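What follows is chain A paired twice: with chain B in the first complex and chain C in the second.
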Partner chain A sequence: MTLSEVTNIAGTAGNFQVTVKEAPRYVDVDKCIACGACTEKCPKKVDSEYNAGTGKRKAIYVKYAQAVPLKYQIDPEACIWLKKPGACGFCQTVCDAGAINFNDTEKIHEINVGAVVLAPGFESFDPKEAKVWGYGIQPNVITAMQLERYLSASGPTEGHLVRPSDHKAVNKVAFLQCVGSRDENLCGNGYCSSVCCMYAIKEAVIAKDHVPGLSATIFYMDMRTHGKEFERYLERAKSDSGVRFVRCRVNGVETEGNTDDLRIRYINEQGRQVEEFFDMVVLSVGLQTPKSVLALAETAGIQMTADKFAATSDFAPVQTSREGIFTCGAFAGPKDIPQSVVEGSAAAAAVADLLAPARHQLSTAATFPTEKDISNEEPRVGVFICHCGSNIASVVDVAKVEEYAATLPYVTYVERNLFSCSQDTQDMIVKRIQEQNLNRIVIAACTPRTHEPLFRETLKAAGLNEYLVEMANIRNHNSWVHSKDPVHATAKAKDLVRMAAAKVTYCTALKPISVPITQKGLVIGGGVAGMTAALNLAEQGFEVHLVERTDTLGGNALFLKHTWSGEHIPTQVKKLIEKVMANDKVIVHKESEISKVEGFVGNFETTIKGGDGSTQVIAHGIGIIATGAGIMSPHEYCYQTSKRVVTSVEFDRLHELKEKHVRSAKNFVFIQCVGSREGDAMYCSKVCCTHSVQSAIEVKEEDPSRNVYILYRDMRTYGQREKLYRQARQMGIIFINYELHGKPQVIDKGEMLEVMVHDHILHRPLKIEADIVILATAIQPRSDAKDLANLFKVPVDGDGFFLEAHAKLRPVDFSTDGMFVAGLAHYPKPIEESVAQALAAAARAATLLSKNEVSLDAIKASVDAEFCDGCALCLDVCPFHAITLVTKEVDGKVGRLINVNKAKCKGCGLCQGTCPKRGVYVGGFTMQQISSQIEAALAV
Partner chain B sequence: MLDNKKVGSVMIVGGGVTGMQSALDLADSGYYVYLVEKSGAIGGAMAQLDKTFPTNDCSM
Partner chain C sequence: MAAAYHDPCNYGRKSLKAFGQAYFEEGREITGNCVTDLRELNPNRNGAYCCGAGGGAWALPYSDERVYYGRIKARQIAESGAHLIVAPCHNCRDAMMKSLNKEYDLNIEVKYLWELVADSLIMPEKE
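So, the complex of A and B:
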């Protein structure tokens, strides 16, 4: 439902009545075929929201080229007709589809749902109000989103980086970080937006790629590249791309005389104030909750945080304060794409937990008429030639192609359509198939990549097997690329239709493969992530085996006291363990490890070995790896020799036990990044800055006369955690920045420790006398992660953490179907992120477990037993290990042939290309089909 | 039975990358989903990005 907003949510969890207001689009989506004729004629231009104001759009427009739905809309604020009926109306005149409806009105929908998920997102901070950056006055000061559009091939300058003021090439660009973030004076947004460091580095790198020799400088306070692979990107930006980083918050941008150049004053690393000139200044604007979303939160009746994000618990990160209403994405705190996608899935898991009894209640599988058996029929090919408005018909002589198609072998019916893809034409094609008794179809139109699924559905609706259709791409491959040569384009259209008709003649009905699913889960690792995933699946109604290596559930959380927001971890973990133990659908295997894995998605058989040596085979449909991580043991800062040097986790324990050295200590020094962000461990452990700041606050609160120092490289209290950093500074905790080349030194003086560090603000070395030194040690991947990875055939990354299928879009899936990852096994992260990831893994797993079988595409390799002699050449080339060798017995003689596992086969065709005997073929692409198509191509 | 009153449909408010992921997962696991989007097309902020960090993949 587009152009729609929620105006009321009545009812309770499981049964809400939601009122949705749908604004008029003024374009009938059933008729609009997105030809674009309207936009071309529309005389009214306004700023494009999609291009962040860098370009223009018309009053009738489509949001962006790849928009879904790809349907035009009229902006009532800009449209001349809607402001003054009768004044313009060009779009209505040119629309062949008759889709323009100026009389469209607002609609109110009352919808009954079991749960509501709020994912309304964020807006970028608008830097116009605070005039210090010159934004809105000086055209060469732009926001990062605007730069994003300038760098994009689909943007206003097609990816060329020029100055907006004079279109001169940009040679020198500056990025100013924390504009609208970590700033209570100018904008009131005290929190860190969590994403700007990353996008600024990326934009600087991409801009340098676009403009050779471009100088790019990023002015920052702390570089917060705390995510997976982020630190390496930062280092590459410095070393390979040559992006310059200057640690200084810039407080203003000025113009230089009458030029369009921009002046920035800053303090350099030597402590001197300098001024520098730039062609362009990019403001790394923060994320904030828009007013309209605050109104939505009020409508929904949910609590918000002081930073104006949806309030959640760290152990239920997608649950709002109102039962049955969930949240995810940047609405629940500023976050990046992977974390947003994780939360999207996590919200799905939370909903499925609530609505488990109502699963499949309203969702229905589409029904189709019984498929007609055409195997004994003579081919009767129907050819449908699409005009695509004027896209094809203005270049190709479609009438001639129609005439020609009718002369081809087996073609019994030909027709032309203005738009073959429109709904009315679809219905018409179904009618023609039935009337004319057609059993093979050629659609001469656009690309099968976008439209083949649609036409397959059309065939199904007509009672034909969906694989009896072939598309001839006479638009993308023809009218678009040969628009200036209509004669040859028409000839090529005929060739393409002839080839498609020849191939479709040999098409046969193919049956999609179904693989049954064992509706049980296996979760490996009994920490917070593993328990959360197992419990959610169990509450969704699936049986789950939870395998834990030790004799205790709880994992690393057993060593922790408080989450960043102050929730007591032991209490929550205890509750979680109790719930797991009480749920009879969770079968817990303690002191157990995985020793053998067989099978594939839906059908795994895993052997677990108990502490007593006994083994057990578990059949399961999906697997979730949540094996956690370890803590690194430091070899520096006198850790091995002095009892006064401890790790963060050890310190928490001593502090809790009121150990005498800690209790009587006056001087505390925290050292950050011990074992992280250097050498082989070029990643940030993500949680240590927040942990140290929290511990520092505690010891300072106990006795304000204590001296507490935190020696850090970049303070990474990202998101709303910034509050803790602010509080710590207000309390008088002293933060001293050090660089990797000048690491602190700890000298053991017996009764106390001496810590030497170079202070970058005072520009001199400091000596601190410390009673206790606390090391923020790195989180390390488990050393046996690789063994488990090998068993399940899933990958680990260079650091040793499990590697997801796609960093952004499939953050909890493995590339191996049916396997998922959650928690520290994936990358260091705080508890709330582990919980979200665990829920996400459960949601993704449930998409499989909720089905009885998984349906796979019918384009698969098959053996021709008559020709296959078991030479096994195809075994080596198959990238999916889908082919095995078996024995066969013919007339009493034992021979060999291959067997294809259809669940593993992806239909790539390498086996068919390799086979010297034609003993294997791929359905839909048989040798006969391909050769008939080639012969047709050559026959003129 | 209280559970019988539960409705097997869900409304997702927001058609960005987060809302879309939630909608897909719920639809794929047996729930009827209403995806409500304020603007004329889904896609959200990610559709505006040129490339993404840290892989430099195209956002589309």
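So, the complex of A and C:
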């Protein structure tokens, strides 16, 4: 349901009555094929929201090219007809599909659901009101969203970076950070938006790629690149791309006299006031909750934080204050794409937990007629040529293509359709296949990327194997790109149809492979992430083995006291352990380690070795790695020699125990980034800034006469944690910035310590006499992570953390099917992010475990035993480790041969390309198919 | 004559912070009705630059610093091309008229808002 909003949520968890108001679209989505004829004719232009006001759209439009559903809509505020019926109506006249419906009305839907997930997202801050940056006054001051559009090939300038005021090429651009974030004065958004540092760096790098010689400067307060691989990106932006970083919050932007050049005044690192001119200024606008979403929160009856985000617990990060209503994404605090995607899966896990008893109740399996065996039939190819309204037919002479297709070998039937993808045409194709006894089909239309699944279903409905279809893309690859050359476009359409027909002739029926699934899970690591994942799977009804190396559950959380929002960790961890121990579906193996792993998705067999040397083999369908991380032991700042120098975790314990040195101490110095963000550990440990600030607040609160210093490189109290940083400063905790080239020095003077640091405001060396120095040490990956990774054939990254399949699209999956990752094993992170990731891993795992078998795509590599001589070249290129070498015996002689594990094979074809002897082929892409296609391409 | 309206902190951001009410538009509107060419000194209103004498600096002995603080206002005025500056606040008016004008050779006339109104009420033929 699009264009819809929730107006009421009544009832309770498990049984909600949701009222949804659906606004009229004025376009029938079943009829609209998104050909775009309406937009072309529409005479009304308004500012495009998608282009952030940098370009125009029509009154009838799709929001952007990738919109789902890809259907047009009419903006009733702009449409001429809707304002005055009878006045325009061009779109209705040109729409061949008859999809325009000016009489569409608003609809109210009542839906009965068990759970609700709120994911309404954010809006970017509008800097117009604040005025000081000149936004809305100076045309060359733009927001980051607008720059994104200017840099895009589909944007208003087709990717060319020019000044909006005079279209002059941009040579010098400045980015101003924290516009609408960390600012209570101008906008009331005191929190950090978490994502702007990274996007500004990315845009600066891309802009420099677009415009050779462009100078890009980022003005910032703290560079907050705390995510996985972010720190390296920052370093590369400095060293490789040459982006300049200036630590200064710029207070305003103005023009120089009457020119369009923009003047920025700032204080450089030497403390001098500098004035510099730029062609363009980009405001890195922050994230905030829109008013409409605040209204939704009120409708849903959930609590919000002071920063106007959904309130959640750190141990249940997707659970709102109302039972049965969940949240994910930026609605529950500003966050980036990977974390939003993780939370999306986590919300699904939480819902699955709540609704587990109802699983499969509403799902139905589609039924198809029995498949006809065509292996002994002569090929009878049917060709269906699509007009796509006027998309193809207005350029390509489709009648000529039809005539031509009929002359091709084995083609027995040809037909043209207005829209091959419409439901009535689909039914018609089924009828023709049966009537004409067709056994191979060519669809000359659009792209298989979007439409092949549809036509495969059509074949199945006609009783044909779904792999006996081939698409010729005569739209995207032809009529769209050669719209001004119909003669050649028609010739090309013929070529494409000829190639498709040649290939489909040699198509054979392929059978999808299905693998039975052992509906049990294995979770490695009994920390917060591991326990959360195991518990969620168990509550969804699956048996889970939880393997813990030590004799205690709890992991690193046992060393911690409070989450950033102040929740008491020991209480929560104790509750979690109790729940895990009480759940009879979770089988806990303490003092156990993994020693051997065999099998693949759905069918793993893992051997675990207990502390007493006993071994046990566990059969499981999926595995979740949540082995956590360790704490670095520092070799600097007198840590090894002085008892007054301790790590953050040690300090917490001493402080809790009221140790006498800590109790009597008057001067505390915290040193940040000890072992992080330098040398080989070029990553941010993410949690230490918040941890130190929290500890500092505690010691200062105990005795306000104490002097507390925090020596930092960039304060990374991201998101709503900024509140703590603000509080610390208000309390008089002194923050001193140091750079990597001028690290503080700690000198042991027996009764006290001397800390030497260069003060960034006084521009003088500073000596602090400290009673105790607390080192914020790095979180480092487990030294044996690599061994475990090898056992499960999953990768670790350069730092030694487990590497997910895709940072944004598959943040908890490994590229090896059936394996998932959560918690510190993946990257340093605070508890709520570990819990979210654990829930996400459980959700992803449950999608497999809830089935009896996995059905795999039929396009797989197969061995041709006649040609394969076991040279093993393909073993090296296979990215999925699906190929193994086996021995064969022919006529008493022992030779070698490869074997393909079909469950692991993804049909990429690298083996076929590498094989010098045609010993391996991929179904649907055999040598014969490809060569006949090439021959057809060359045969004119 | 090109004129510009200076937003004093006392009637603008300071008033907004202390009383929740700022008077950005009133003085502008009056000025706009008295002159033909009213220019803006961007950034203006809540983001306006200080005359240099804010916080009572006019009454204090640190004149070197005060003149230095006022350099941005002076530059802004020079770049705007305005020759008449309307300053409703006595502090700003004194700073710009008696100090910035001389120190930075601005060659400007500075008037209170009431002065501008009073001057505007004189019928041309009676002058």
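Going forward, the second predicted complex is superposed on the first by the 816 of 940 C-alpha atoms of A that agree within 3 Å, B and C clash if a C-alpha of one lies under 4 Å from a C-alpha of the other, contacts with A are read in each partner's own complex, and residues count from 1 in each chain.
Heads up, the rule we're going with is that contacts are C-beta pairs under 8 Å (C-beta built on N, C-alpha and C of every residue); 3 or more make two chains touch, one makes a residue touch a chain.
All figures in this text were calculated on a predicted structure; none of them were measured in a lab.
Colleague: More residues of chain A in touch with chain C or with chain B?
Modeller: Counted on chain A, the partner with more touching residues turns out to be B.
Colleague: After lining up the shared chain so the two structures overlap, which partner does A:I337 touch, if you call chain B first and chain C second: first, second, both or neither?
Modeller: In the superposition, A:I337 contacts chain B only.
Colleague: Name the contact category of A:K658: first (chain B only), second (chain C only), both, or neither.
Modeller: neither
Colleague: Figure out whether A:R764 sits in contact with chain B (first) or chain C (second), or with both, or with neither.
Modeller: neither
Colleague: Check the residue A:Q73 against both partner chains and state whether it touches chain B (first), chain C (second), both, or neither.
Modeller: A:Q73: touches chain B, not chain C.
Colleague: Looking at A:K84 after the superposition, I want to know if it touches chain B, chain C, both of them or none. Which is it: first, second, both, neither?
Modeller: Touch status of A:K84: no partner.
Colleague: Given the touch rule stated above, what does A:G252 touch, chain B (first), chain C (second), both, or neither?
Modeller: So A:G252 only meets chain C here.
Colleague: I'd like to know which partner A:K893 touches here: chain B for first, chain C for second, both or neither.
Modeller: neither
Colleague: Once the structures are superposed on A, label A:K484 by its partner contacts, choosing first (chain B), second (chain C), both or neither.
Modeller: neither
Colleague: Just which bits of chain A does chain B share with chain C as contact spots?
Modeller: none
Colleague: Please name which positions on chain A make contact with chain B in the complex.
Modeller: Going by the criterion above, the answer is residues 1-6, 14-16, 18, 20, 25, 49-50, 52, 62-64, 66-71, 73, 111-122, 145, 148-149, 151-153, 155, 159, 198-199, 201-202, 205-206, 227, 229-230, 232-233, 292, 296, 328-331, 336-337, 340-341, 343-345, 347-349, 351-352, 354-355, 357-363, 807-809, 843-844, 846-847, 849-850.
Colleague: Which of the residues in chain B come into contact with chain A in the complex?
Modeller: These residues of chain B touch chain A: 2-22, 25-32, 34-57, 60.
Colleague: Touching chain C in the complex: which residues of chain A?
Modeller: Within the complex, chain A touches chain C at residues 130-132, 134, 137-138, 251-258, 265.
Colleague: For a test of understanding, state which residues of chain C touch chain A in their complex under the given definition.
Modeller: 42-47, 72, 76, 79-81
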